[in-house]
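Each of the next two complexes has chain A plus one more chain, namely chain B in the first and chain C in the second.
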Partner chain A sequence: MRALHIRLQHLFPLGELTEQRPDLGFVTVPAAYLRPTLLHLRDREGYTHLVLLTAVDWLEEDLFQLTYLLSNRSTGCDIGLRVKFPRQAAHMESIHDLWPTAATYQRELREMFGIDFPGSPRLHEEFILEGWNDIPPYRRDFDTLKYARANYNDRPGRETHDPEQHMKQQLYPDGA
Partner chain B sequence: MEQELKPELQIRKVKGPDGVEFEVEPLRDYYCEALPTVQHGAYIQIVEDFFNWARSHSLWILGFGTGCGAIEMRPLMTPRFDAYRYGIQWRPTPRQANLLVISGYLSVKTLKRAIRAYEQMQSPKYVVGLGSCTINGGMYWDSYNTIKRLDDYMPVDLYIVGCMPRPEALLAGFEDLKKLIRAGKAEGANQYAEKFDWYKSNQKRVIHDWDMPDYSW
Partner chain C sequence: MALYTPDRSQYPAKKADGTLDIDLASGKYLKLWQGPNHPGITGNMSVELTVCGDEVVEGKTHVGYLHRGFEKLMERRSFIQCFPIVCRICVPEPDFNEYCYAAAVEDLSGIQSPERANWMRALILEMGRINSYLMYLGGQAGALGLGVIGQWTTYARDLMLDRFEEMTGARIYHMFILPGGVRDGLPDGFDQRMEETLREIESTMKDVHDVMFHNAVFKKRTVGQGVIDPAWLDQYGVTGPNARAAGVAKDVRRDQPYLVYRELEFEPVIGHDSDIYTRSDVRRRDLLMSVDLIRQILAKMPRSGPLIADMPSMLHWKIPRGETYVRGECSRGEYGYYLVTDGSGFPRRVNVRGPSYTHAMALLERMIVNINISDVAALMVSLHTYPPEIER
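Entry: the complex of A and B
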């Protein structure tokens, strides 16, 4: 993993390597260098399998982070590429032409985070939600409790207990 | 806002096998426009009691699993718990079933399908809500896409509590449902017909892309 990181650093302006396991590492890539890095990993380094493409909402830093996790099937090594970009008018280059499966991930990210991937097939079709009429629900500024209260009726009489206190009361009612 | 109908529900020209072209209006031709009506009991109470006794002994469940609770139905079908000895069996289509078990949380997307399935079942029909999710939302009480009270959207005859209820609890619940039916208290289908507008307005409040007929049977 370290050797790979050093080889990549000669080619692309990568960030530090975070090595979680000997066979799993993460590096940060500037958005402009994402595609060449992915292509290099796929065609020259044997990372042919796109395991997943997922997003993190860094609300406080006003950033979205995409993680492209690639796997090398012959060595069993995984590398994750992290890309950060601003939340306002969030958009990222589509990679559906590198891995066709990416189109499905990108559809989901468009729906759940509102990240645009121009050119990705069927991007604006509904993926999981039907008739959604609010901001994308996986964004952290979306208040899911408020939405649930406004849309779905509560049944009166629901109680909530702190598990620790409740079990203490159940097991030791006289406070012993 | 009026939602545009799905392509298969829009008026279109169809060419028959004999080469004749004709117009199809799916909402009128494939669906009945008549809304559900209240079915009155038999002319004399003892006959109605006999009917109810017979109904209680043929519970045909629609094999439609909505949440994680569907996993509790599998052991009921197999020799370990064997619900068939109680006169309960599963059917693959709503047309052949009279009991809809909502087995756990119901997302808005699934609710749409559940309503269609319920409306396609024949009266008298019963609904059992299974698990705490159908009662008050359960662990999905703050979720953006699951309903919290099933009885807002369809008439529920019986709830079985638990998260999840075990197959034994389901069997006990089915026995309770039989008692309700024999007592003539499982009148969900009539309730649905009586308060149809109320149920429809509740359903349309959460299903934002209503692109189907108001009553589909």
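Entry: the complex of A and C
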């Protein structure tokens, strides 16, 4: 994994390698160098399998992170490329032409995180949510409880107990 | 391969953005929804078909009928609170969620699960694989009108559920593989009862082989149908039996051995024709291989020793900042968990990589073009997709 990182560093301005296991490493790539790095890994280094593409919301740092995980079956190694960009400029180049299956990931990321991938097929079609009118729900600043209280009614007759008080009453009904 | 290179002049023209120019008002095309409530659909999803006569010219997969937001839920739960909910992500084969979650947490927190626990984990994962394949075989036969196979495999699956029940206390959601190890060892007399179950499953599989795989209708409708070109494997992220039936021996158990698979003797089952029949046959043979693996595991596993590592206090358990990806070979292909931690007591992000995510979306949409409406169910089932792992 270190040898691969050194080879890549000669070509692209990559960050430090985080070696999680001997066969798994993560490295940060500037957004502008993502596509050439992916192409190089796919065509020259044998990392042909796009395992997943997902996002992480670093709300405190005001950043989104996209993780592109690639796998090389012949060496049994995986490399994760991290791309970080500001939450206000949530868009990234589409890679559906490199791996057609990436279009599905990008469609989901647009719906769940609000990250745009211009040019990706069927990007604006609803994937899971229907008629969603709030901020994208997988963002850290989306409050699930508040949304549920505002949009769904409680079942009639439902009671809510404070667990601590309820158990005290059940276990010590006399208040002992 | 001729099946997937149709004469496109017969079909709607493509617009500039690559989508098809389908004029429904012309009466030449018809929209047909297969699912979400349709016997030929696997679980809660639907396929929006555009047909011309009996032929499908376009298919779009729709999910969202089962979205429960597990990935979001887990961000608000402590590491141990996530453990009992992960198994619910995939109903027919829940144990891989438990294993991948536990292994990812262990990887980031530097915990090593004991050897005996690893053997127990391998045992339960292979048992789950048999269950999943038995369910698949019933569905695959049922999609082509062979209803009796489903009854036989459900019987065999029920026997395995009994073994799960005596081992874990539960039949479907076992909640057995927790971070650090497993909950318990084997009950007394388990080996003998498991051997009886395996023999019964082998006997059932012999009947399934005779009745399903030698059936003229089944062969007629599956041989040469639904071919996955080996060149598509990387493009569409195809893994598991779908890839092995195309002649590529992709198997995480062999490529990146986890748990105790280095100590077991097996060779990935492969096929070559890559059609529905071959995929069914690869799964049937893989099931029999799992029967053999269970026998090997029971013969080799240590019977004493710790089942769980020394764990920190579950209430105050914090994991340093980091990220990892852990995978296993489930009955449908590569199952993986991408876990990100930020030093707090909660996961920052959990992403579940289910094989159906790629198989049932981009791959199915490509394969469904140019087949007959009546073959859609057989094709879809042959990819062995479980919608819960698409939408988590």
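The rule is simple: the second predicted complex is superposed on the first by the 153 of 176 C-alpha atoms of A that agree within 3 Å, B and C clash if a C-alpha of one lies under 4 Å from a C-alpha of the other, contacts with A are read in each partner's own complex, and residues count from 1 in each chain.
The working rule: contacts are C-beta pairs under 8 Å (C-beta built on N, C-alpha and C of every residue); 3 or more make two chains touch, one makes a residue touch a chain.
In this text, all values refer to a predicted model and were calculated from it rather than measured experimentally.
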item: Partner chain in contact with A:P137 - chain B first, chain C second, else both or neither; value: both
item: Which of chain B and chain C A:A148 touches, first, second, both or neither; value: first
item: Contacts of A:F12 with chain B and chain C, given as first, second, both or neither; value: neither
item: Which of chain B and chain C A:L24 touches, first, second, both or neither; value: second
item: Chain B or chain C, by number of chain A residues touched; value: C
item: Touched partner set for A:L129, first chain B, second chain C, both or neither; value: both
item: Partner chain(s) touched by A:F85 [first = chain B, second = chain C, both, neither]; value: neither
item: Which superposed partner A:R158 touches (first chain B, second chain C, both, neither); value: first
item: Where chain A meets both chain C and chain B, residue numbers; value: 128-130, 137, 144
item: Chain C-touching residues of chain A, taken from the complex the two chains share; value: 18, 20-21, 23-24, 26, 48-52, 54-57, 67, 69, 73, 76, 78, 80, 99-101, 103-104, 121, 126-130, 137-138, 140, 144
item: Parts of chain A lying in touch with chain B, wherever the complex brings them together; value: 128-134, 137, 142, 144-145, 147-148, 151-155, 157-158
item: Residue ranges of chain B touching chain A (in the complex, touch as defined); value: 3, 108-109, 112, 135-137, 141-149, 152, 205-210
item: Parts of chain C lying in touch with chain A, wherever the complex brings them together; value: 18, 63-64, 67, 69, 71-73, 75-76, 107, 234-237, 250, 255-256, 322-325, 327, 334, 336, 338, 340, 348-349, 351, 353, 357-358, 361-363, 366, 391
